[in-house]
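What follows is chain A paired twice: with chain B in the first complex and chain C in the second.
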Partner chain A sequence: MPREAEPSLNEKAFFLQALQDGHRLDGRKFEQFRQLDLQFGDQYGVADVTLGKTRVLAKVSAEVTVPYPDRPFDGIFTITTELSPMASPAFEVNRPTEQEVLLSRLLEKTVRRSNALDTESLCLIAGQKVWSIRVDLHVLSHDGNLMDASCLAVVAALRHFRKPDTSMEGETLTIYTPAEREPVPLSWLHTPLCITFSFYGDEGEMTLVDTTLLEEQLKVSSCTISLNKHGEICQVAKLGGTPVDAVSLVQCASIALQKVKELSTLLDQKLAEDSKRRNKGGLLAELSAENAR
Partner chain B sequence: MASHDPEARLSHLQSADGSATFSHAGYTVVGAVNGPIEVQRRDELPEEAVVDVIVRPAAGVGGTRERHLESLLQSTLRQIILINNFPRTLIQVTLQVTVSPENEYVNAKLSQAATNLPILPTLIQTALLALLSAAIPLTATVTAAVLAIVADDGASTIIVDPTAREIQVSRSLHVFAFTSRDELLLNESEGEFTMQEWDNAFATAQRQCCPAPTSDDVDMEGGSQADLKNFTRSTLETKTASDLYWK
Partner chain C sequence: MATDSEMVFVLPGDGIDASLIPTHPKRPLRLGPGLRHIPPSTIVPTIAGQLVTDHKKNSLWVEYNGGRYIPAVGDLVIGQVDRSAADFYYVALSDYSSNASLPQLAFEMATKKTRPNLATGALVYARVSLANRHMDPELECVNSSTGKADGLGPLVGGMLYSISLGMARRLLMRKSVEEGRVVVLEELGALGLAFETAVGRNGKMWVNSEDTKTVLIVGRAVKETDEGNLTVDQQKKLVRKLVKEMS
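Showing the complex of A and B:
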């Protein structure tokens, strides 16, 4: 398989000189995201995030399985990421690159370990039947900042998803098809999102957000901060690279909070638009058999 | 219900050599083609290009179902790509299913060994559009159709582009693909059927995929069925016109 083309020395010198002068190649500010678009599919649990030329699609599916024997009260929640040759010919099928491993690891830490999804609510019969929620992440086009785009897609898809309604009568468990009962949303606790910072310069003194593929290839180190809109940090990952000043990390955290607030607002707004589009004539509330808690 | 009208978008993914999104009859597939690129030493063919097809489902990891589709697609595409022009190279076709129709009356299971034929025409059409977008030389274009034979009270009816529900109640499923020169390229059937039924299905598919080259569009008896052959042509004409337009 061909390797990803590396930027030439000229490109590198030009890019770094431009950064020193305070310019990015596409004319954005250092702390500016590219054009972000979030779309939901016709089916529940499909989110398509376009960030500049990066495009990521997440799809959520649910099925009933047997829980792990050591966790009889918890549902199963998995996030699968696979980079296909569609994103770049350098990615091979069935041979995960380092980037892919880091991506799935980070999503796992951000969404799963921060308890964004209440896995106990996925339990149907303790030790016998639980919901298994699975998120498949498809990278369609890779032009940098996969991390932030993927995290947004996964979170958006999970919040958009509806699982089939169930009921328990004595010992019998009934799972209703979408034709019988309107599906119900997942029990969602908070909305963590990732913001990735890339550092440039000999001591990592320049910081960029939402880097393109070229910018990503030239970084000296990077740091991903996951937090929700209330400013609760779920994880900070800085995997190797040039050491960065503590003060600039604190600055990054405050920029991240501001960005996450913007992204959360966008997400809420898009979800509201989508539910309005689906709820023609205001009949959805009557279809639902779910009780307000 | 998703519309029966086919829709396509070409060359919208930036890192692949060619790409296309195609939706038809409730399915949406994103396809990307890279090629001719370097091939791994062990797969290399001395006199022709290797065609590698990867089909990825919307949910879950690919299994035997996807491998089966891949092998069908690979043998079909090898017939239309001019593989002898590119010895010792690889033409890689990646097809990502993004939407497949859901049956409202059944709770879908991920791992079930479901039927895989209904998606084949959409995959073929997407692969074709992506190949054209990547400017890979082809001998012919290809048009495919899926038909279901539903039996009610002894009489069997043929449904073109059946819905998930119709597939469930059907007796047999047939997929046909024809080249632009009206030659049969692919024929896959499953279920129970007689030779007479197959002949009828074949005739219907031929009418569907190889419409008579009339300039007037009066003869559409079936009404709503899409003419995919002309669709491919007009999509590419629009694309070429917009690419060549001098600003």
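Showing the complex of A and C:
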């Protein structure tokens, strides 16, 4: 099994020295993200996030299935992550690394367990037919901070996605093709996003956001905070590593709030741009079968 | 350099015009990387790139940027010590490829008792002494005929940057300014920055200086030149911008 290439001793020593002098290798500030770009595909539900050299693609698909017997009123919502050897030779197909497991678990906690998607709205006929929403996440290029990029990609793809419109008449369920009726967006409750902090130094006294791969390999511990733009924290994960002060964690949380606000604004703006691009001639409102309540 | 300032680009499988192949009355024709000889007299490129000929040496090769480093005898490389065995250090030249071996006695003035002690993760500047297709390459840090180090040996301190193979080749050219069109290092030196560098053909550059800031400036300048494929004027502008930003 290929091992991840370790940075050399010179790199480790120099990196820490530079941090103590207040410099990052690429000249960013400690609390600065890399160049972030978000693109939507031609289809609904495809989001492509580029963060520096990290690139992540999320694709949402929907199908009608039978619900779980213990939850007859809930739709099914799954997120699958794949770190393919394309992103880094250290990843192998069908053998999830620890990183991959952590990534999918954190996404699960952030998006699914925080009830960002209202799964009850996915129910078509109780106990018989529900929508199953599936998000496939592909890491195309890995240069650190997969967590934040993936979370943004998943959330953006879900908010961009439209599922086919349906109607119930008596006992018959009709699912309309996009040609018959304009697809409808998912019932989305809030927008949680992740911000990952990495700590450096003997006692974790230096904090960086949006680390590159090299920076990530040299961290002493890290902490991922998921929250929405209203400051409601969905989860905090600090898995092992050097213990960190309570004060610096509180500081991290306030930085996270500020970053999430920026990211949410960007996401809203990109979604608006995309819908404007699709809505040529303002015909979309007429095609929609939803009544404005 | 290229034939009469006009660059010739080839694709894999292209035919090579007979007029481009250098003819020398005495020396045999030498084929470099990216070319394959099919007997009796066909030469076919195996990779896309710029066809370069050297009439004096009667040689012909394809210059390309990218791909994995393939060791060749005489190349200067920067390796990272992976582990040490009884008589050898095993040194990684590029990530995820098999290690090269560096005999522990292949250093200047090294004897059984005075050989250098390199920890895992240490960097060495070495020359490839043996490179065969199906064998792990061998390195040396000493000129075997004179017994001198010639600047090779362990690299202490400083920072290692990854650059593209093409950039490494350009930096290692004898006239890197005229032929390679890289002026960043000269420009940085002209602005009064004191630093030392070592460039490995395997796409690595080591930079050291007394001042952390200088190392950062040099590293960023070279990486940005490499990634942006900057022209000479753009490089000069970049250097001025970086120095201003960091001071």
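The criterion applied here is as follows: the second predicted complex is superposed on the first by the 292 of 293 C-alpha atoms of A that agree within 3 Å, B and C clash if a C-alpha of one lies under 4 Å from a C-alpha of the other, contacts with A are read in each partner's own complex, and residues count from 1 in each chain.
Just so it is clear, a residue touches a chain if its C-beta (ideal position, glycine included) is under 8 Å from a C-beta of that chain, and two chains touch if they have at least 3 such contacts.
The model shown is predicted, which means the values in this text are computed figures rather than measured ones.
By the touch criterion defined above, A:27 lies against chain C but remains apart from chain B after alignment on the C-alpha atoms of chain A. When the two complexes are overlaid on their common chain A, residue A:178 makes contact with chain B while staying clear of chain C. Touch criterion met: A:80 reaches chain B, while chain C stays clear of it.
Residue by residue along chain A, chain B and chain C are tallied for touches, and B comes out ahead. When the two structures are aligned on the shared chain, A:17 is found in touch with chain C, with no touch to chain B. Residue contacts after overlaying the shared chain place A:89 against chain B and chain C alike. When the shared chain is aligned, no partner comes close enough to touch A:229: not chain B, not chain C. Contacts of A:8 after superposition: chain C is touched, whereas chain B is not reached. In the superposition on chain A, contact of A:138 is made with chain B only, not with chain C. Common to the chain B and chain C contact sets on chain A are residues 2, 89. Across the complex, chain A is touched by residues 2, 13-16, 19, 30, 32, 34, 37-38, 40, 54, 56, 58-61, 92, 94, 96, 98-99, 102, 104-111 of chain B. Residues 1-2, 41-43, 46, 53, 55, 57, 59-61, 63, 80, 82, 84-89, 93, 134, 136, 138, 140-143, 164, 175, 177-179 of chain A are the ones touching chain B in the complex.
Residue ranges of chain C in contact with chain A, taken from their complex: 80, 92, 95-96, 119, 121-123, 155-160, 206, 212-213, 215-216, 219-220, 242, 245-246. Those residues of chain A whose C-beta lies close enough to touch chain C in the complex are 2, 5-15, 17-18, 21, 23, 25-27, 89-90.
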